[in-house]
Amino acid sequence: MPLFDRAAGVNLPVHHRRLGYVFQDARLFPHLTVRQNLTFGRWFAPERAPQAEIDRVVEMLGIGHLLSRRPGALSGGEKSRVALGRALLSSPRLILADEPLAALDEARKAEIIPYFERLRDEARVPILYVSHSPAEVARLATTVVALDAGRVVAQGPAAEVLGDPEVMPLGPRGAGAVIGARVAAHHEDGLSELQAGGVPLFLPRVAATVGTTVRLRIAAQDVLLSRTRPEGLSALNIVPGRIDSIRRGAGPGAMVALDTPAGRVLARVTQRSVGALGLSEGAECFAIVKTVSIAPDDVSG
Amino acid sequence: MPLFDRAAGVNLPVHHRRLGYVFQDARLFPHLTVRQNLTFGRWFAPERAPQAEIDRVVEMLGIGHLLSRRPGALSGGEKSRVALGRALLSSPRLILADEPLAALDEARKAEIIPYFERLRDEARVPILYVSHSPAEVARLATTVVALDAGRVVAQGPAAEVLGDPEVMPLGPRGAGAVIGARVAAHHEDGLSELQAGGVPLFLPRVAATVGTTVRLRIAAQDVLLSRTRPEGLSALNIVPGRIDSIRRGAGPGAMVALDTPAGRVLARVTQRSVGALGLSEGAECFAIVKTVSIAPDDVSG
Amino acid sequence: EDVTVFAAASMTEALGEIAARFTDETGTGVVLSFAGSSALARQIAQGAPADVFISANADWMDVLQADGRIVEGSRFDLTLNRIVLIAHDAAMAEVDITPSLDLGAMLEGGRLAMALTEAVPAGIYGRAALDHLGLWDAVAGQVAEADNVRAALMLVATGAAPLGIVYYSDAVSTPDVRMLGVFPEDSHPPITYPAARIVGSGDAAQSFLDYLQRSPAVDIIAEHGFWAPGG
Amino acid sequence: MDWLGPAEWEAVRLSLRVAAVAVAASLPPGIFVAYALARWRFPGHGLLNGLVHLPLILPPVVTGYLLLLGFGPQGPVGGVLEAVGLPVAFRWTGAALAAAIMAFPLMVRAIRLSIEAVDPGLERAAATLGASRVWVFLTVTLPLTLPGIIAGAILAFAKAMGEFGATITFVSNIPGETRTVPSAIYAFLQVPGGEDAAVRLVLVSVGVAMAALVLSEWLARAVARRVGSA
Amino acid sequence: MDWLGPAEWEAVRLSLRVAAVAVAASLPPGIFVAYALARWRFPGHGLLNGLVHLPLILPPVVTGYLLLLGFGPQGPVGGVLEAVGLPVAFRWTGAALAAAIMAFPLMVRAIRLSIEAVDPGLERAAATLGASRVWVFLTVTLPLTLPGIIAGAILAFAKAMGEFGATITFVSNIPGETRTVPSAIYAFLQVPGGEDAAVRLVLVSVGVAMAALVLSEWLARAVARRVGSA
C-alpha cells in the first residue's frame, strides 16, 4: 500500500499510515499517565492490542513500576522507553526511530539500547533506525544503509557494511567491524569467553547465557597489528588473519582490513607502521584487541 | 569580598558579583546581534572594556564574521563561542562555566575546546569549569577538584588528580593520566614527534609549533602492558616504567599505575592479565600506546 | 464667551436649531451637551461646567435646586410634552385612549415598548397613565422596558414590538411609527421640561434662557412636537 | 443577605443564569474559532479575527441594535429561531445571546493563546499513533488547553455578568426575564436617591467577578501543575 | 472622504487623539502592572488582578459614575489634578482617562501573557553580566515582549476608540472636547433621520478597529520573526 505517490495522487493521512514513530524528544502526552500514554494508540488501531500484549511490552521495557506516573516525573531514559512502548502498542507495520537516543547522555543511552535489542529480537515489527552513532548501529542493525551527504554510499548486512574500509560515513574514528561470537563460558574472574570461528575472545562479563550468539563491535582504532604472535602482553585477544586491503587516508593513518576466522576485522594504524611492519595485501598478521576495549555498549545480546 | 555569608547577612546582588557565567544553553539575547550580545556586559562593567579588548576577544574566538548576525542564525558551536565572549567582556573576576559543552554534539565540542584553551592561556581570568567529561577536564584543567556524590574526593594539580588510580569519579572507563611533552618535530608522514622525559612519542599531527610544550591525556583503557619490550607491533609508542600500584576493582579489571620517565601513566587491564604477566608493585614493565589512540581531543596546545 | 448647555437628549434637534439662530443673532457661541437627564444632573451636581440645564423631568431639577446648584428665580418650564400610543403597523386604526381600551388584544401577544417604568421619565409617566386608566395590570407582563425613550421608539420602529408608549415629540420624529392616540392630559402628572441657570454662569446664560422664551425659539420647539406651556 | 430585596435577588439569579448559559453555549464555537485562528492559515483569517473582536470595539448599543435587526421578531435569524421554538426576542435566552456575543472576544483570545502554546509536535505524535484530526484535538489539544479554556470561560462569565448596553438594547428590561443586575443598576442610577440600591448591586457584581477571576487564576495554575511539563 | 460632515470629522479626530493619548499614557503603568502580575508573588496579587479587570466587568455607566465621583471637580483626585494644572473633568483629557481605564484590562492581559513567555533564564544571564533589575527589564524583558506590547496597545487603542458608556457618564458629550465618535453616534441616534450619519460613523469605527487589529497581528508576527528563537 503506497503512503505517498505524487504521480498517482496518493497521500495517505498520517493517522492511517500505521508507522510507529519514535521521536528524538519523547513527546509523551504530559496530561496522561504512563499507562494512558501506552494505550493511546490502541484506541485507533484496527485490531486492538490485547491486554496480554500490553503486559508483554511493559515487561519487556521494564516500565511496570511507572504505569501510574505522569511523564513529568520520569527521567529521560524512562521517557524514551515509554515512547518506544507507546509506538509499539499502536500496532504499527514499521517503526521509525529517528535518532531516538541523541538527546540522552551516555549513561541514559546505555540504559535504553538493550530495550531496542529486545525489541529487534522479540517484536515482529521491522525497525528503521536512524543514527550517527557507530556503537548504536553496530549493536542494533541487521541491515545497514549508509548515507553520506544525502546519498546512499553502501547498503547490506551490518557486518559487511561496517566491515568495509571504503565506507566510513562516520569518519575513521567511527569505523569498526562487527563480528558474531558464541558465548562459551563465564569465568570466575569476571570474564566471559567467546568463540568466534574457533578463535577464543575474552571480554568483561557479557549479559548472555552460555551457548547464545552475540555480536561484537571492534572499533578499528582499538586494534593493534603484529607480524608475529605477540607474547607477554596484557591483551588477551589475539586474532590471526590475512590482510585483505590497506586503505591510506589523507592524514597519517591507514585502515587495514583483515580476514580472520572470526570474520572481518578493521584496524586503524599509522602509515609509518604499515611501512615499518611491511604490511601488504595478502600478508599474514595478528590483530591484538584489549579485553577491556570492548565496552559493554559494543556487545549486543 | 564575600558574595554570600548568611551569618554576616551578606548577599551581594547577582549583578554586583562580577562572575561571568557560561550556561549550558548559550542564553544569547535573541533580539540583539552578536556584537550587541558581546558588548552587553560592557555597559555595566566598572571599567569599560576598550575596543581593542573586544577586538582581541572576537579574534580569539574566531567570531568576527558573525558580528552582525542574530543568535537565531548561529550554529550551536557558534552560539557557545559568543556566550563565552560575552561573559569574558563583562570584565568578570572569575568565569563560571557549568558544563558549557554538555548540550553540543562531539563535532561541536571539538570545535569549542580550543577556544577554552586559548582563554585559559591568554586571558587573565580564572575559570571554574564543571564537567563530566574526562577529555575536557584533562585538556583544560590546571587544578582539578573531583566531586563524588556531592563530596570532594580529591583536589590538586590536574596531572596528580587524574593520574591517581584511587580517584575515578567518572568510573574506570573515564580514567586516564595526563603527561606533559615537548614537540620535537613534525614529520612528513603526518606524525608529530614529542619528547616526554626523554621518551619519544608519535602522534597524528599536533597543532603546536616545535619546541612548545603540550599536555596529552592517555586513557587508561588504551594502554597495554608488556613485561618485555615488544617488537614488531603497529603501536609506535612504548614507554618503560615501574609499577607503582595495582588497584583491583569489583569487576574483572584492575588499574595499574606506572611511574615512567614521561610521568605517571595509568593502564586498565584484566586481573587475569595481572596474574598471567606476574605484575606486582615495583615490577618493571612497558606501556604500549597506539599512536592513533591519542585523539586530537586529548592533546592540549 | 460661550454658553454651555446641558440638555436632555430628546431636545437634541430643536436645541441645535435654536442655538444656531442664537449665535447668528448675538455672536455668542453655544456648546450643547446632550445625554440622559439623570447623567447630566449628576454631572452638574459634581461640578460640571454647565451654564444652563434643560431637564426632561422636574425631579432632577428639584434635586439640583435643593442642592443650591441653580440660580434662584431662573427656573421656568420651557415646554410640555405628552405621551402617546404608537404602533409599528402603519395600517392600524386610531384609538381613543380610555379605560375601556383593550391593549392586551391589540398587542396580539407582542410586547408594549416603554422606557424603564421605574426610572426613566417617559416610562414613569406612561406607567402612571396606564395605572390611572386601570390598564396597567392587563399589560404589565407584556411590557418591554428600554433604557431610554428613544430605545423604546426604536423597538417599535424596527417592529420588534408592535406597540409602544413614547413622547409625542418622539412619535412625530419618524415616519416608521404610526401614532394611534394621545393619552389624556389628566391621566399623568404634567410632563414639563424645566430650564434653569447654573450657579456661576454669566450674563450670556441668562440671555440664552431669555432667547428660549421668545419667538423663533418657541416656534422651533413646537415644530419638533413639543407643546407650548399652557398651550 | 437580607439587604437585597426580592427584586434584586431575582436580578442576581437571572444574571447568574444568563451568564452561565452564555458561556456554556459560546464555549464550543469559541474553542473552534480560537483553534482556527491559532492553527489554520486561510483567506479571511484577518477578517475573522476582526469580526470576533468587533463586539469589544463597537459601542455596545450598536451591537445591541444590530442584534435586534438580525435576531428580533422581524429579523431574518430571529424568525427562524422563533419557528424552531427557540425565541430569543425579549427572552432571557436573548440576554444570554447578547452576553455571549459581548464576551466572545475575551474568551477566544484566552483560548487562542493557550492553543498556540501547545507543542504541535505532540499533535503530530498523536497522529502517528493513529488519531485522526478530530481525535488529536479531543485527546491532546483540548486537555492541554484546559487552563486557558477555564480562564477564558471564567473571564467571559464575569463579562457576561456585567453586560448592559447590548442586552438592554436587544431584549429590553423585563423583570424576571431580561432584567439582569446591570439593568437594575442602571435603573437605580436614573432616579434621584437610587445610589444606595445601585451600590448594593455593584458590590454583588464586583464580588462575583472578583471571585470568578481569582478562581480562574487558581484553576488555571492548578490545571497547569497537573498537566505539568513533559 | 467628503461623506463625513465637519462635526463628524471633528468627532473622528477627537476620538483618534483621545485613544492615542489614552494608550500612550496607560502603556507604562500597563507594562508595570503586567510585569508585577506575571513575575512577582505578593499579598494582594489576586486583588490587583481583580481590580485591573474590574472595568471589563462593571457596567460602563458605573465605571463612569465612579470616575465622576473620584476625578470630578469635587472629587478627591480631581481637585488635585486641577490644582497641578491637569484638569480632567469634562475635558478631552478626561475622555482619555475613561478610555484608558476601560481599555486597561485588555492591554495588561496581552502584555502579561507575553512577559510570561519570556525565558527567565535570559534575565538571569543578563544579571550575571552586571545588569541591575531595572536594566535587565529595559534591555531584555522589554524588547522581547515587544510583540505582546504592540498587540496589547493596538487592542487597547481600538477599545478606546469605541468607549462610550463610561465616557459620556464621566465627561459628558461636549462637541470638540469630549464628543467622541461613540458619543456622536449616540447623539445621531437621538435625532430623527440621524441614522445615516450614525451608520457612517459606525463604519469609520469598524474600519479603524479592523485596521488596528490586522496591523496588530501583522506587527506582532513581524516582531516575533525579528526577535526570532534563540
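As written, the chain order gives the labels A, B, C, D and E, with residue 1 at the start of each chain.
Here is the rule we use: a contact is a pair of C-beta atoms (placed from the backbone, for glycine too) under 8 Å apart; a residue touches a chain by one contact, two chains touch by 3 or more.
A quick note: this is a predicted structure, and the numbers were derived from the prediction, not measured.
**Student:** Where the contacts of chain C and chain D overlap, which chains show up?
**Tutor:** E
**Student:** Counting one step per pair of touching chains, how few steps separate chain B from chain E?
**Tutor:** 1
**Student:** Report the chain whose CA-based centre is farthest from the CA-based centre of chain A.
**Tutor:** Farthest chain from chain A, going by C-alpha centroids: C.
**Student:** Find the geometric centre of each of chain A and chain E from their Cα atoms only, then give the gap between the two centres in Å, rounded to an integer.
**Tutor:** 62
**Student:** Using CA atom averages as chain centres, what separation in Å is found between chain B and chain C?
**Tutor:** 92
**Student:** So how far apart, in whole Å, are chain A and chain B when each is placed at the average of its C-alpha atoms?
**Tutor:** For chain A versus chain B, the centre distance works out to 29 Å.
**Student:** Would you please write down the residue numbers of chain C that are in contact with two or more other chains?
**Tutor:** Residues 42, 154.
**Student:** Which positions in chain E touch two or more other chains at once?
**Tutor:** 61, 65, 186, 189
**Student:** Quick one: which chain pairs are touching?
**Tutor:** Chain-chain contacts present: A-B, A-D, B-E, C-D, C-E, D-E.
**Student:** For the complex, give me every residue of chain A touching chain B.
**Tutor:** 102, 105, 132, 173, 187, 189-191, 202, 204-205, 221-222, 224-228, 230-236, 251-253, 267-274, 276-277, 279, 288, 290-293, 295
**Student:** Can you check the complex and tell me which residues of chain D touch chain A?
**Tutor:** 119, 121-122, 124-133, 135-136, 139-140, 143-144, 146, 226-230
**Student:** So in the complex, the part of chain C that touches chain D is made up of which residues?
**Tutor:** 36, 38, 41-42, 59-60, 62-63, 110-111, 113, 116, 118-120, 143-147, 151, 154-155, 158-161
**Student:** Mind pulling up the chain A residues that touch chain D in the complex?
**Tutor:** 13-21, 23, 25-31, 40-41, 43-45, 70-73, 86-87, 90
**Student:** What residues on chain D touch chain E, complex-wise?
**Tutor:** Those residues of chain D that touch chain E are 46-47, 49-50, 53-54, 56-62, 106, 109, 113, 155, 158-159, 161-165, 182, 185-186, 189, 198, 202, 205-206, 209-210, 213-214, 217.
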